[in-house]
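Both complexes shown next keep chain A, but they swap its partner, so chain B is in the first and chain C is in the second.
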Partner chain A sequence: MPTTIHIKAFGMVAEKIGTNEMSIDHIGDSVKLLDALLVKFPELKTVKFSLAINKMLVSENQKIPENAEIALLPPFSGG
Partner chain B sequence: MEKERRPKNIFVQGPISPESIAKSIANHGSKTDIGGHSIFLGQVRADAKAEGNVIAIDYSAYEAMALEKAFEIREAVFAKYPLNCMHIYHSLGEVKVGELCLFVFTSSKHRKAAMDACDELVERIKAELPVWGKEILDTQGHVWKLNT
Partner chain C sequence: MLKLRSYPHFQEDNMSRFERQIILTGFGIEGQTKLRNSSILLIGAGGLGCPILLYLAAAGVGKIGVVDGDSVAVSNLNRQVLFGEKDLGKNKAEAAVRQFYEKYSGIKWEVYPEFIGVENAQELLSGYDLIIDGSDNFPTRYLVNDACVLLGKPLVFGAIYQHEGQVSVFNYGQNACNYRDVYPQMPAASEVPNCSETGVLGVLPGIIGNLMALEAIKVLSGYGKPLVNRMLFFNSLSSQTYEVEISPNPQSREAIPASLTSFELMDYELACEGVKQLTWDQAMSKMGMDIAFVDVREPGEMPPLECTGLMKIPLSVLGDQLLKLEDFEEILFFCQSGIRSQKAAQQLQNEYPEKRIYSIKGGINALKTN
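What follows is the complex of A and B.
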């Protein structure tokens, strides 16, 4: 059984892609995942966002553990 | 005994009431080693945007990550300043203009630590917590808040 990645989207990113939650088949690292997301959701090319893997921000290419929780985070605007 | 520190909830549904702030201040009356408090209150501003006037902000968050991050910030600021107390509350959901959306409260023996810590907390909360504000406009549209 292929393992999956759980993806959560927030704020403007969720609005752009029309969903705030999805699961996809496992992808090995964060660069490959970004490529796949941009193919699946070309509208993501027009928004600025960061990736978090298991609640940690990704700054350079990182391996994605099985069953990881990925989040697509637009620039923070709390307060 | 060393007080156990673990992530605690900072989120409040809707606006933060002035009454809860007064109560929080009053609760410190028994802590007589405190000599100064510093408080920051964030209030929703009626900004005029090209698309319309802001009438409210609808806040959302990646709560699990935000609480972990808030805990990390709390620990770092406690380690840096000699504080007696620290409280952080942030709204989720709709907060209308003129209502409060952020309450940061620090207390220390002498004023400077409380003031500097409060300032640092507010800056880090705005920059590092995965929270988003959707500005609701009087034209029925919305724009996404940008922090400056």
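What follows is the complex of A and C.
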């Protein structure tokens, strides 16, 4: 059975992908994951967001452990 | 770190107002004295700013400054709880602070009925120990962040989007993160709709504003553990929280202006619109290629720059001379200080979204000092 990763989406990202939680087949690193997400959800190209792996923000390409929790975190500006 | 200043004329005020805080183990008279001897500057007296003011004034912060150039509108009243129907049309900073004059003694209030910008940021921020950003747009958020980094001021950050909020404490202590460590790239204003477009339940900024007030009290009093190098997310529909650890990102440092002088030359509105910028070195490496290299200064501005292939199209007539640039796929603009060239780049990008258009950072002034 393939291992998975769990994705949590926030704010505009959740709107663009139509859900705030989903599981997908495991993808090896954060750059590959972003590429795959952009292919699956082209609308994500229009929003900027940061990515966290197991609740740690990622600033460059990083390996994704099996069963990791990924958070897609857009900036909010409202007040 | 935080400089403590005392306000002797408040010493006689009645500390019994704070009895329930003072009897808290670990907070005590010491925590209360720190609050009274500290000062905060609140940017934005809106949905976040109203609860922040209510709780920081009640908690006994000694000096509170409020910056807001906006005026109260009827659609604000579901969440901007300091204002009522009689306040419509009044300046928010003035109307907010007016609520407190008779409520508590012993707070020194400063009212700035204006918007923060690169021209007044340094002056506004410099007199305060802690800055709290309750603004409502990306240009202001990046501007406040950068100013706090350059001036070494801790910043309590909070923002909302529809049903969600995010809170963090930036620039506080050694190896501290700032907003650009989380979001290095400025989103365009048009990319993320604001409350007026998406709607908001009034209680959400109430909750996020209260979390911000709590962080401010922790930073000022040394009580508890502030959200340093962490960002907290809250979803009002699910009532779930999510916390992410953040760490300093060397690339984000490069995006912050190198000095207060270059900060003052930034145009945050334009930067948020996504105008791409090049340094002179990067621009020079493109010379000789098939690009348009355009001086948008008005005739007579000194010093003139002469080189082969240079085009001179003053910004004031750019709209009429678009045809001259139509055949180029890549266009570089420069001006005296790098602001008009951003406007030119923005204007042209709107006309030709597919072209690669750049503004040269710092303009002629940056070339001279290189």
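Basically, the second predicted complex is superposed on the first by the 75 of 79 C-alpha atoms of A that agree within 3 Å, B and C clash if a C-alpha of one lies under 4 Å from a C-alpha of the other, contacts with A are read in each partner's own complex, and residues count from 1 in each chain.
Here is the rule we use: contacts are C-beta pairs under 8 Å (C-beta built on N, C-alpha and C of every residue); 3 or more make two chains touch, one makes a residue touch a chain.
Owing to the predicted nature of the structure, the values given are computational and were not obtained by experimental measurement.
Measured by the number of chain A residues touched, the leading partner among chain B and chain C is C.
Looking at the shared chain after the overlay, A:Lys55 reaches both chain B and chain C. By the touch criterion stated above, A:Pro75 is placed in contact with chain B and with chain C alike. After overlaying the two complexes on the shared chain, residue contacts for A:Ile64 are found with neither chain B nor chain C. Of the two partner chains placed around the shared chain by superposition, chain C is the only one that A:Thr46 touches, whereas chain B remains out of contact. By the document's definition of touching, neither partner reaches A:Ile17: not chain B, not chain C. Once the two complexes are overlaid on the shared chain, A:Ile7 sits clear of chain B and of chain C alike.
Applying the stated contact rule after C-alpha superposition, one finds that A:Leu33 touches neither chain B nor chain C. The interface of chain A with chain B overlaps its interface with chain C at residues 8, 10-12, 52, 55, 71, 73-79. Across the interface of their complex, chain A is touched by residues 44, 46-49, 133-138, 141, 158-162, 164-166, 181-185, 187, 191-192, 194-195, 200, 205, 231, 233, 235, 242-247, 249, 251-252 of chain C. Of all the residues in chain B, the ones that touch chain A in their complex are 42, 59-62, 64-65, 68, 90, 101-102, 122, 125-134, 144-147.
Listing the residues of chain A that touch chain C in their complex gives 8, 10-12, 20, 46-48, 50, 52, 55-57, 59, 71, 73-79.
The part of chain A that touches chain B in the complex is made up of residues 8, 10-12, 52, 55, 71, 73-79.
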